[in-house]
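Order of writing sets the labels: A, B, C and D. Residues in every chain begin at 1.
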């Protein structure tokens, strides 16, 4: 577990393992609770098949939110790989991120319930509330990237500052994207939803590959 | 944690531990949420015992889904043991698998509610929806096996390619089995359910034993 | 991580870590889902305090089930410490145990709802159903102990066979205790509930201390 | 994993890893279940936006409870870092703490439902019940700190007894703070709620930084 003396100061901290375990737990639970918002249809007898095909908003809401949380987890994974240790400030910001991740089942349920509401004001309100939650989520994530960038004493010895800066900047741009998509919701809720799905897909396909994790592993090779 | 130099390139990757932890979380939560679909009976006074014996569809749905997710976890466990590291493509496919695992409580609830519906069209729709979810689940799993097989640069040094190919092929056959069982649901829902249970049982009893996990452990002995 | 050559064969297996992680997940989720059965009272205005004090059955059901699952986790922890590795047969039995652990929120909800039912037949049915679940749970646990005892090739090199046999026998006795308490439920449901609480308490206070876990740790000292 | 011979006795215990994993699971699940108490509004058509803005008690209850559980997790993290191993007594006290953590979604739901009740007696009862749960939670935590302090044979070799004593005393003071805030609830429920939020914030900002975790890591540097 240890390494050469010169690297020791950064590998003897409390590490990030329990923080990652707790975060993974919240991510995994929030992502799995999403399914509870898909309700079993209780309609007229003999109409179940039609109703199962008709209730696509819950499926779409599940898919978008699952993708968003899953991709966020992937990026969180990547983010933590730059850290050799954590401190209170970073843990507090991580907790703020988790509070937004854990909150996501609520706007998802809102979307599942009101995406096809006959009243268009309700429809727009649901999509806007979803978008607003996404803005807060991406803002919490950008704040965490900002801490990772500024707190060099917490980083692993080989943390690539260019890569960190790029990730931080990308996370700030995500806020702007979500804000734009949310503004669009007032006029065209469907366009807004499509953009939410696109943003998550873009982060899934252009996101970083998992990093090799030195130094405490590589250092001995 | 390290090993001989020649193996180092494959043991210094990010590893699969956090991916496994996150996947284990989703598997464990999805499997435990299944119980929420068994509702406390609210019938006439003094009839609780009869009702507890009468509501066997929720018990059966719980048992089949628990077995299916549990066996899927066992195979996922086995699957990951061939990997020394993961990359973005593999994580995306793993996320698709988890999305189907996390979705399973919904078709299970559907089955619990409609397996004994008086209207036979509803009954068939519920069983077919359950089967369709199983097809998607096994397809996601087969896609993941396919990645594990093709991405040799992610494998551990001792990964047995014959064993991987066998598992990949078996996972493709599972899709065919589930498709056949789902087609049967239109005519004979009970037969279909029995086949779902049989497939899971077959995978539990004929499945692979957990592999020894070299090289990073074995390499030092 | 490694040890002296003679011990190597038993320390290079797949280990028990992912099995423990998955099991811990199911235990932790089942124990935390119990709270969902305590419903927010929706009675007459101004009567909340009285109602909060009146709904003691859900609190009692929560307490007994939390204690039972918690103590079961503690014993599972102890049980796994005798194993250096797992195989398919053992994983299947572990899955059966987890299926019963994950099922427990249902009989707990039943108890919370019907423990003070005005109809005494309903009351007895709820307590008996709870007891029956406990019998199945303890039977699954005894079966797992039996596997641990018989499968010596899976044990750690220092596994104490006397200690394993004692634990196996105790787990068989637990079935008898739960069966007796369940039989009593037909005549005196309260006595039955008290016995369930007593059994869990007895296992908490007389249970094993966590074992030191050689050889892979101790072997290098 | 090992260290110099003189430290061996304290590093060959069962360790705290599985206890931490199980505890992390309960913390992560309880904190994520909180969102289930925020219900999707089902009001008059076209009024969704107004209702989303009106239902601030569930948001406030979510925020306060999330912060409380999150900070409690952080302190639990810190607390466990002083331990090299655990025994049955400590595990039982840890289980009592987890029972209170897992219970928290219920008083949170109570608060979300009744914080703006028209009947002020209901309002006070809900806030007082929430406060009472906080008293029990902090008492369970203080009892655990007391065990950590007294059980020196379980501590790591470098555990700082001054730091442990300080933490133990702070946890006792938290009981007093929660008791005072709960008493205030009878007269001024809002003041009481504000104090709950303040206590959690105080523990988040003045709490301990994560400790470096010797000896098994540091010992080799």
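Convention: contacts are C-beta pairs under 8 Å (C-beta built on N, C-alpha and C of every residue); 3 or more make two chains touch, one makes a residue touch a chain.
Small disclaimer: the values here were computed from a predicted structure and weren't measured.
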Angle (degrees, nearest 5) of the CA superposition of subunit B onto subunit C: 90
Self-contact between copies subunit C and subunit D, residue sets same or different by half: different
Cα-centroid distance, subunit A relative to subunit B, in whole angstrom: 24
Whole-Å separation of chain centres (CA-atom averages), subunit A against subunit C: 34
Residues of subunit B whose C-beta touches two or more other chains: 1, 21, 25, 29, 33, 36
Subunit B - residues contacting subunit C, complex: 1, 20-21, 24-25, 27-29, 31-36, 38, 40, 45-49, 52, 62-63, 66-67, 70-71, 73-74, 77, 81, 204-205, 207-214, 217-218, 220-221
Complex interface listing, subunit D residues touching subunit C: 1-2, 5, 8, 11-15, 18, 21-22, 25-26, 29-30, 33, 36, 85-88, 91-92, 95, 98-99, 102-106, 109-110, 113-114, 117-119, 121-122, 125-126, 128-129
